[in-house]
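As written, the chain order gives the labels A, B, C and D, with residue 1 at the start of each chain.
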Amino acid sequence: MTASTQLLRGVVPPLLTPFNEDYSVDTDTLKRQAERLIKAGVHGLFVLGSSGEVAFLTREQRKEVIATVVEQAQGRVPVIAGVIDMTAPRVIEHIEDAVALGVQGLVATAPFYVRTHDVEIAEHFRLLHEAAPETPIYAYNIPVSVHSVLDIATLISLAKEGVIAGVKDSGGNDGYTRALISARNKAGVKDFVVLTGSETTVDFAYLAGADGVVPGLGNVDPVSYVKLHELLVDGAYAEAAELQSKICDLFTIVGVGDGTRMGGSSQGLGSFKAALHHLGVFPSGLMSRPHVALNDEELAKIHEIVDAAQVIEP
Amino acid sequence: MTASTQLLRGVVPPLLTPFNEDYSVDTDTLKRQAERLIKAGVHGLFVLGSSGEVAFLTREQRKEVIATVVEQAQGRVPVIAGVIDMTAPRVIEHIEDAVALGVQGLVATAPFYVRTHDVEIAEHFRLLHEAAPETPIYAYNIPVSVHSVLDIATLISLAKEGVIAGVKDSGGNDGYTRALISARNKAGVKDFVVLTGSETTVDFAYLAGADGVVPGLGNVDPVSYVKLHELLVDGAYAEAAELQSKICDLFTIVGVGDGTRMGGSSQGLGSFKAALHHLGVFPSGLMSRPHVALNDEELAKIHEIVDAAQVIEP
Amino acid sequence: MTASTQLLRGVVPPLLTPFNEDYSVDTDTLKRQAERLIKAGVHGLFVLGSSGEVAFLTREQRKEVIATVVEQAQGRVPVIAGVIDMTAPRVIEHIEDAVALGVQGLVATAPFYVRTHDVEIAEHFRLLHEAAPETPIYAYNIPVSVHSVLDIATLISLAKEGVIAGVKDSGGNDGYTRALISARNKAGVKDFVVLTGSETTVDFAYLAGADGVVPGLGNVDPVSYVKLHELLVDGAYAEAAELQSKICDLFTIVGVGDGTRMGGSSQGLGSFKAALHHLGVFPSGLMSRPHVALNDEELAKIHEIVDAAQVIEP
Amino acid sequence: MTASTQLLRGVVPPLLTPFNEDYSVDTDTLKRQAERLIKAGVHGLFVLGSSGEVAFLTREQRKEVIATVVEQAQGRVPVIAGVIDMTAPRVIEHIEDAVALGVQGLVATAPFYVRTHDVEIAEHFRLLHEAAPETPIYAYNIPVSVHSVLDIATLISLAKEGVIAGVKDSGGNDGYTRALISARNKAGVKDFVVLTGSETTVDFAYLAGADGVVPGLGNVDPVSYVKLHELLVDGAYAEAAELQSKICDLFTIVGVGDGTRMGGSSQGLGSFKAALHHLGVFPSGLMSRPHVALNDEELAKIHEIVDAAQVIEP
């Protein structure tokens, strides 16, 4: 699958999942958004990530999301799918679904809910690879959700075995990202990609040698992320940092929701969906249950920030 | 469902799930173990808890476990089932399965993987209750797995609304257990049960007014837990504490596995299964993948501790 | 020092430190409170614990507190002193001060601020013991402050070496307390005392074999804690649990302060001092800076709870 | 103190504290090392940071360290001193010492050991500033030691009040560093410096607009850090990243010590001191007690890494 792997670089937004009023997946809006991102020049589409509310979707809904986006993409950009579940036997069911639906890659976390260990995490990824030996698997480092950090030596080991094709790093520690890239380079592992999941430090990650970015905020402002990628690939770091800083201003929408009456997911995803609603892309900002909706005052602040950002429509 | 609720008191072991060599559920052994526990005098059976490796079981396997134990129990004791998944839409699928299979109660955690909030957790349990208004739901406080602690005021509020019928508290903080019981008593909520999940402080929990215990180690030595319950109900605290202390010696098997090469789940469940294998109840100590097996030296130590405990077969 | 060690059992309140308006130590009130506690029948006095705001006192102020209480106690009960500082070289200075002032015991934590290890913690206590070989040292398990838990095997090892004379366990985990007591009993270590620091689960600790309690709330209601101790020593567990439950109602004062505008220390110590002011024991509820004072509404609630508790004055 | 403040930019190594065999401060070596760093072109000297084993030094030893380095610096570069202690009343004693000895700035953390709150942390820094209104105070963000993160809004507020002159950020989160700098810029606070404490992501911090770096590893290889600073000031980011990557290779010495028999402080400081010993700068690698010494095998690995780095002597 070298061909697929080489494609997964650049800006790969984790698609939000829009909902109808009855909490079914709004496939029309999902298609429009996929098209809008492709038009903006993104390099891949990542469905069923944390930003896609994967944890709230049933197995059938997950299949619907994949099918919708794969069909819309028509092979123009690779589509990779999150296969997020507690342990290998359950993840493998999602892998089978996703592979059958024609994805170009899979994103899987370490086991969660259970108390685990690096040795077990390595074996976990081997089991996943056995279930889909032809499809690249990207390890998803997301300690805020799974409460463990993927060990760099373990990752490099799995890369050498051909078990994983890369890492999506949402660990929030750019020093870790650099150390991972450095270990990859030293190990001489080819075609092993490192993507940062941080919206606010893309320039740092690229400066350290990262291959791409998976920015939730890229749902709102894909054009800026594509521009940021291009500046960084061109080595225009100072200019890139300036643009990154502007993007960070837009990112402040995630802090508008009142943390005393809602959780971080409601704050973050609520703001992204509110922004897309405000921009006319989404028909509503509805989140899956039991997310808490932003109130009018909060929405007004978010609209103000979005307006100030002058988001360019693709 | 007052009838069901009133029954859920006393010793309610969380059944281990035995596996065949191909990792399918070993239903014969599961039946034998259910029978063995009933014979020992336990007051209920809890399937698909953390001790039952619920996180490693597919939806179909979970159904198989419930069906097997419900059939074996034949109504002699209530069977309650864990419906463990990341969020309400997914938990509700498990609820539908479990209710269709005839369980007498459900055990659900707060949302996990996602960043959440007390307001959202309350709404989460309301959604679950709507999905099964006739079946008691027990809130499962298990911060080691879900990384949040259930808020006592929220729980009492849900109890008053009739949303939850009790709490299974595996929080490891007996002061919390007491505070929860005290809040329940002050609120005058009837038929709201508090069960401790701690194998080693049952006497503390009962002294504070707990209604029962869900001991993983009860799989190995159900007779001692039933005896402990009886002593405590009779107010024979000093004698109970002595028995509890003896049980704690047996519990040290969970610390035998080497933590530098396996996780806590492998250590704990591995030791329980090894003990049952040694006692001739389980045909093997096999755990789901990617658990790490105990080695011969570790098994020998566990056998020694089990032998010293002189476990009485029901 | 067997004599001293044997005396450290029962109720040993950690004395609050009253302040004058200029934040100097109010030694008159400190003496009155020491006298009040002795009159209530407590079995020892612990100065310079967390409840004594030790972290806010300069070296000179600490000496003043010790001198005041040692003089007031006149040997009627043992006085033990906290020697709380980051590492051994600094703790040893406090040890020298305390020993010179005639204390009957010392309470020391693991190193904090620094990243440490069990091997280093053991060596830390050995260094402290070398500095005061004639004075019993009690290891203070207080993870909320030092962010590590004292390892039971290490503690037993230090006990056997004669380095420590006991443990004051404020870890908030009664299962740990039981495991520590059990390990002590199995090791056959004589004169090694285990005191719980939990105000709300004294009955649990005694049921497991604890030797005493160091209750911050004992500053407010020493008579109840002495009565609780007596009931427990007599094996009247059910009656004790009832009294413990009543004490827990009084303990709810620590949750009255608004956590969105003050820290846990302001909430907890503020409520204890407010209660003592309300009872006429302290001339004010002043805490060291930068603690946040409770407001009138909060004080009113605390007064109400204190009045309802009908605290018996010694 | 604008003059002083403006000077605190660039490379400001946190000086290690060398010890004689009797654990007294080795002032001769300390002077030599200060001189060596000045010769390398560093822009300031920071004594009594975590790298300086401040937590292990008595008040008298701290004064000795300050006096030694201030005298050696002779005003050629500013000397700033850590005033690390649990709470304001104790920190203020260290402030008085440091100011009397002529330092050009002070570095203070949030309160630790105690449970605190942003409101209290702000008041804490105000109390410190009152104690030394003429000396710039830098807030030290070091959650690994104090277990709280300095809130950005609070810091900006304190900057506007003139209470703090900058931040030394050892939080390990470069996104936070960027957000802090961005907030500073938006607030229009003049002369408020942000220094990163991360040895391995200096390029990231500068790209985001940081004013300097406080690198523990700068004790070993000051020349490279000065060169890195110059490249970054010149906007040569790609070249800087390459040098940074080389420095990261040297930084791997901190991971050589075996974490199963020593803590992180022993690993990290032990490796720095071992490197300086190997380079002939320090007469030994002795750390304060109870640090665990690296063994011969570990030392050999460290020497190998240091040799490979070809550290240039100033």
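Operating definition for what follows: contacts are C-beta pairs under 8 Å (C-beta built on N, C-alpha and C of every residue); 3 or more make two chains touch, one makes a residue touch a chain.
Going by UniProt, the chains are A, B, C, D = Dihydrodipicolinate synthase family protein.
Everything quoted here is computed from the prediction, not taken from an experiment.
Traced through touching neighbours, the fewest hops from chain A to chain C number 2. The chains in contact with chain B as well as with chain C do not exist; no chain meets both.
Copies chain A and chain B of the same sequence differ in orientation by 180 degrees, per CA superposition (steps of 5).
If you average the Cα atoms of chain C and of chain D, the two centres end up 35 Å apart.
Each chain gets a centre from the mean of its Cα atoms; for chain B and chain D, those two points are 50 Å apart.
For chain B, residues touching at least two other chains: there are none. In terms of inter-chain touching, the protein chains here make up one closed cycle, each touching precisely two others. According to the touch criterion at the top of this document, the contacting chain pairs are A-B, A-D, B-C, C-D. Every residue of chain A that touches chain B in the complex is listed here, in rising order: 23, 50, 55-59, 61, 84, 86-90, 93, 111-117, 119-121, 123-124, 126-127, 144-147, 259, 261-266, 268, 288-292. The touching residues of chain C, when paired with chain B in their complex, are 172-175, 178-179, 182, 198, 200-201, 203-204, 207-208, 235, 237-238, 241, 245, 248-249.
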